[in-house]
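Each of the next two complexes has chain A plus one more chain, namely chain B in the first and chain C in the second.
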Partner chain A sequence: RQGSGKKMEDTFSILYFQKNGISNGTLYKKTFIEHFEQAPMYVAVLTFLGFGVGTVFGYLRDFMRAWGLEKRNVATEREQQKDFVPLYQDFENFYTRNLYMRIRDNWNRPICSVPGPQFDLMERVTDDYNWTFRFTGRTIKNVINMGSYNYLGFAETDVNALKTVTIELQKYGTGICSTRQEMGTLDKHIELEKLVANFLGVEDAMVFGMGFATNSMNIPALVGKGCLILSDELNHTSLVLGARLSGATIRIFKHNNMQSLEKLLRDAIIYGQPRSRRAWRKIIILVEGIYSMEGSIVRLPEIVSLKKKYKAYLYLDEAHSIGAVGATGRGVVEYFGMSPDDVDVLMGTFTKSFGAAGGYIAGRKDLVDFLRTHSHSAVYATSMCPPVAEQIIRAMKCLMGLDGTTQGLQRVRQLGKNTRYFRRRLHEMGFIIYGNDDSPVVPLLLYMPGKIGAFARRMLEKNIGVVVVGFPATPITESRARFCVSAAHTREMLNTVLNALDELGDFLQLKYSRYSKSSHPELYEETRLELED
Partner chain B sequence: MDIKSMKNYLYWLYCQFELITCSYLMEPWEKLLFYTFNITMLVMLLYTAYIFVPVHVSMAFQFFLHLFGNQHENTVSVVK
Partner chain C sequence: MAAAGAGQQWVLVEMVQAFYEAPAYHLILEGILILWIIRLLFSKTYKLQERSDLTLKEKEELIEEWQPEPLVPPVPKDHPALNYNIVSGPPTHIITVNGKECINFASFNFLGLLDNEKVKSAAQASLKKYGVGTCGPRGFYGTFDVHLELEERLAKFMRTEEAIIYSYGFATIASAIPAYSKRGDIVFVDEAACFAIQKGLQASRSNIKLFKHNDMADLERLLKEQETEDQKNPRKARVTRRFMVVEGLYMNTGDICPLPELIKLKYKYKVRIFLEESLSFGVLGEHGRGITEHFGINIDDIDLISANMENSLASIGGFCCGRSFIIDHQRLSGQGYCFSASLPPLLAAAAIEALNIMEDNPDIFQTLRAKCERIHKALQGISGLKVVGESFSPALHLQLEESSGSRENDVKLLKRVVDYCMNSGIALTQARYLEKEEKCLPPPSIRVVITVEQTEQELDKAASLLKEAAQSVLN
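Now for the complex of A and B:
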């Protein structure tokens, strides 16, 4: 993931082209710019130094706990099980006990209001270095929310907006108490499914109560033994779980790397199944629209051309990209100007851009009819509850303009403006940001383990709530802070956050980027013509 | 004011050291242990350097002089 710089005359930032993905001139209708800058070498060295010191002290603490010099707060085996196979000796548990516990106060923070652009936090303190917490009873009010997946700002408590939801709540109640195949299919579900199919431009859709379960329960219904799954390196756990549960053979290609995918496809077709050399029953490619840890967008035109050439199927998980990218919010398919018939299975969730819960699978009518009978979720899982379905209906109608206003389109445009502004300013300040210029997920690289805790705590002191991510979710040396820009953020809120980031970046020395450094960005304020539009 | 900015700068450097070596995350007794170890190592290093470096430098200098021809005295004489 190397970048080579190329200065342009009249822009403030420098374009990077990925070495292994020069965009094919005829496939992409707009430029595809992604950044994956590598930090200078000293950063990697210091990160390893920090982890080394942490590991040494981890061993010291483990020794003290084993010999009784220190009180044991961790989970250990019982006395009778001491001769059994040890349970807690692997690296994951070591890491959790000794490194994660020290900065644990930055995660699982309880909030006590709607997760809109600002929210309220319950204040909690720890007396024994994060082993236990207690609440002081105070709430920290109006913390700017840079962590919720509230891309279009539909997480709101405005009474007028939620009028239909209240009516449906009073009409249907909250519980379904049944599965789709028994007595859990309501007219609300039919209405929602028709609306989703209309929104995406496909023949039919089916909705499920939980987004994670949509992936993990439906992939086993679509593929089985004797099929081949080609899955991206950085796919979400729900896709990985679904692929493993299905029993098909799984092969992994490098993240967003079309040469790697093509090589796997060719090998699959030439050599067939491992021992019998028969042809694979089905080859399916699992990708996501926007990858939430990297902020990168899938190279859909190239994948579609590959799938047509090698006769494979494509399963696109648009959890983060539905509603967030595309000119009218219809996801990556619209973003690249392609037709939804090119993708065989369109999957998405309602958790992120629609302020509800649940997932959908859309595509051709025979696919969805098959899933209605064969999906595990349809047979065993409770269906979506009516108020939630109504919330999705009203959000989708707003987005499509069916409620008579242009509010939906305004939200999508505002999100695009906010995203581009935020990313541009962060690049100018000199931080290392990963991902595509149009994705609302912005990972800011922190690298060193000491800075993870310091960054999150200091941002909370400045009344800004951020999500920091460390080892199990990211590679061990690339810890990051992940910002999710929302359409509900105003320019003032974004400026507050950016100023705080500027200050903190100088104090914690986070501005590792060697390329874009605009020394006086404030001088360009007036001459910055509306490049965002 | 120079003293104040100097103190701020030193405090900031100390913060950077704490962040990089993860001593920001340590409990006070661990920090004490870590700093004691570091300072002891540093003091020993400096003491060793103070004792041995001049002797080694002069020995190396003499070795190179010996290598380039056996001239201990000044053989250049003034010819009138």
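Now for the complex of A and C:
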């Protein structure tokens, strides 16, 4: 059964393709299971009600503040500039002032240790309902970290692991003070670029100092006016910014929906540019490997076959998937058993799986040569710092096995095991989880705005740090908690988290799923999905 | 009255009678016409010139025939920017470029903090404690205590209420501008603004008005024009925000903006000022606080100061500082802040240590200024090359006195000068631009960067070498 994105009914995308090719061909070499269950109707009603109550109280508070009945806690404009045009419109900040401010203590939590599987949080309290915070000076130790993007566990302070980084830091220092094209290309960058190209199995690669900037500064170099960008609905802000800065026409297709994409491609080629009917200069498809808010994996085989049929180009942003999926950690291309030549532009970041900072673009040599000469980052922005480059080199060598150990492979396998275990247990407990069964990003749906704050605060009381997201990062009715499973998490840590979630799920009534498996699978021969009707 | 009423009734009765007496075909025709009108009223609008008359076969043919451009155009092998200078080892005062040891006149290491031992040991300590990366954006456990400390220190140093850190210098001003200026707002920007500012303006989708470089009369003219526009439409004017974006020390021309006049214009025409101080932070002013200290202006008069930490502080990243009213907004709407991983803690620790050094040794700024003056004087009078930049600017440009007519040839000539100098032990570079993307492309030039580590002999050597090179290449 093939499903599409979230619609009126629950969608389970289960794509079965056997090796000898039946009906839909041999595009997918293994099962691809994604879940996007819809919550019962009463949940949506209560969510809107929750926002409604919050809004009403917001108007009330604004009224009281305007009439001096309540103290104003916001910073205000200077006296000398009171007659300038106001910098912010009142209604723009309504949501921030009245809804976000109430639960603001769940974000920007400062930590004071390495962001490994456990970390130390600085305790902070608020005396005036989240308008200001102060630190008590105490630290909350050994909080289990379910929020940092530490998929392979390379965020570590082990002296042996960081030996080469320490040496390079002593040799090079921390600054570069120049751009790539001027005096900022060090031998370290050349070494790193060769290694990245080797790792991905492509001809050449180029590295940049910031992951966000890699997208926003290179997409405008690749496309311009007269080109068409087909971008997924849920693409990251950096891709959207890069697409807008390029000046090309942007059309959005529904999330991971191949019919929508094909229709857009056909219409683009048949009807050409709007009004002038000229042919498009080129068409580029922007997708991500793993979508960080949904946990879904891109349908790469179908997109590649579409791209080949319609002669479009594919730009794949593997920020979350490089190192995290695939048998040896080489990303979604390896996960689907495809060749890296199928993707025109392979982009990724080093922040998530490699515990460093920066981004890369890899592909054919002519693409990378073009970027060396025309990328905005190469001409105007500082290059990557050498100790950070060394961290990436040592992490990548570990992954590839070049350091003589199998530690890299072990980490990838451990991540896979942890991911599958975590997701399976959450399904059994009855939570609604989005995304692919193999993606280490696990969004757990909370829906109601009140539960966002309650969930994060109570998990912290149990010494577990989670990330919660609400509007505007997600649709208004679908607030969620997002877990990032790491290879460094031990089974005990995951069990602690799962038990806490079980308790909290019952307390906050978060177990919305209608398809929960039994919580005692060992009593059955094989686990089966129990559908109610 | 009764007669009129009776008259009306009489008409009605007549109508009904006529209805009964009409022939059948007449009624049917009228009925059909009424139904047709109802259908036309409710059907969709008719699209003109729709190629919906194409058959499926024709559509397939169109798809077959369409040929896109290649993803990237081929780059010629001798493209001037393709072959980078490769530096072996750290880009310190003595730099090894392409295998040859030279004195570094090309890296923006103004205060020589790149290989300072104290900075390195602070970074090492941070590495031991935090590892390398932060594995998350500021909102999701990516805020470390070093970030908070650095923000406090920067705010205290610059004497503002608050500061905010970005993890990349380019992204700082490019995220700050679109956070405040939206579609419909007006921004007055200098022609010689750097590329990061241009990208920030492009992302903001506001109306951009360029004024001639450092020309206050031109700016005032534009402001007056805007004022007359406002009087025509006062309702719109009341919600249109206005901003002015200038740099403290311009990267492209090496001179400073006339800040006192700009402040006067700010209050006269009610325009907010955003000041970009990447080159002037740690260079100008008695304590290195930048151009506001240089001119003795109250820092609260500037709405936002943005700088990057990649020049004087020899780290990576950037910061914005100003009043809390302004800076706090970026914590939720600065794209490079909210959607990107935070600065690695070792770089933040290095920046804090560099700030400590700056605060403890305020005389390095005077030393640097003296060296700049020295080389500025020594470079005057080179035949064929003219010096562009203020005498106290540590980043100068050397442009050709007379252009050969084509930019390509100018670039080639300057390359020969640079190669001559590199072969004799002075590392220089040409200033690089994206020729097709810049709004106002500066002429080709050689960048000369003065750092506090260069000795007087080295400065004199560089000047004399440049004279020689110009002689041999340009004459």
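Here is the rule we go by: the second predicted complex is superposed on the first by the 475 of 533 C-alpha atoms of A that agree within 3 Å, B and C clash if a C-alpha of one lies under 4 Å from a C-alpha of the other, contacts with A are read in each partner's own complex, and residues count from 1 in each chain.
Here is the rule we use: a residue touches a chain if its C-beta (ideal position, glycine included) is under 8 Å from a C-beta of that chain, and two chains touch if they have at least 3 such contacts.
From a predicted model like this one, the values you see are computed outputs, not experimental measurements.
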| item | value |
| --- | --- |
| Contacts of A:Asp341 with chain B and chain C, given as first, second, both or neither | neither |
| Which partner reaches more residues of chain A (counting touched residues only), chain B or chain C | C |
| Touched partner set for A:Gln509, first chain B, second chain C, both or neither | first |
| First (chain B), second (chain C), both or neither touched by A:Val53 | first |
| Which superposed partner A:Glu461 touches (first chain B, second chain C, both, neither) | neither |
| Touched partner set for A:Glu191, first chain B, second chain C, both or neither | neither |
| Touched partner set for A:Arg102, first chain B, second chain C, both or neither | first |
| Touching partner for A:Ile283 - first (chain B), second (chain C), both, neither | second |
| Chain C-contacting residues of chain A that also contact chain B | none |
| Residue ranges of chain A touching chain B (in the complex, touch as defined) | 46, 49-51, 53-54, 57, 60, 99, 102-103, 129, 448-451, 453-454, 507-509 |
| Touching residues (chain side chain B, partner chain A) in the complex | 12, 15-16, 18-27, 30, 34 |
| Residue ranges of chain A in contact with chain C within the complex | 75-78, 80-81, 83-89, 96, 100, 107-116, 119, 122, 145, 147-150, 154-157, 159, 162, 165-166, 169-187, 190, 209-213, 216-217, 220, 222, 236-238, 241, 244-245, 266, 269-271, 279-284, 310-313, 344-345, 349-352, 354-357, 366-367, 369-374, 376-382, 385-388, 391, 465, 467 |
| Touching residues on chain C, where the partner in the complex is chain A | 51, 54, 59, 62-63, 66-69, 71-75, 79, 81-82, 84-92, 95, 97, 104, 106-109, 113-116, 119-120, 123-124, 127-136, 138-145, 147-148, 167-171, 174, 180, 194-196, 199, 202-203, 237-242, 267, 270, 272, 300, 308, 310-311, 313-316, 323-326, 328-329, 331-332, 335-336, 338-341, 343-344, 346-347, 350, 427, 429-434, 437, 447 |
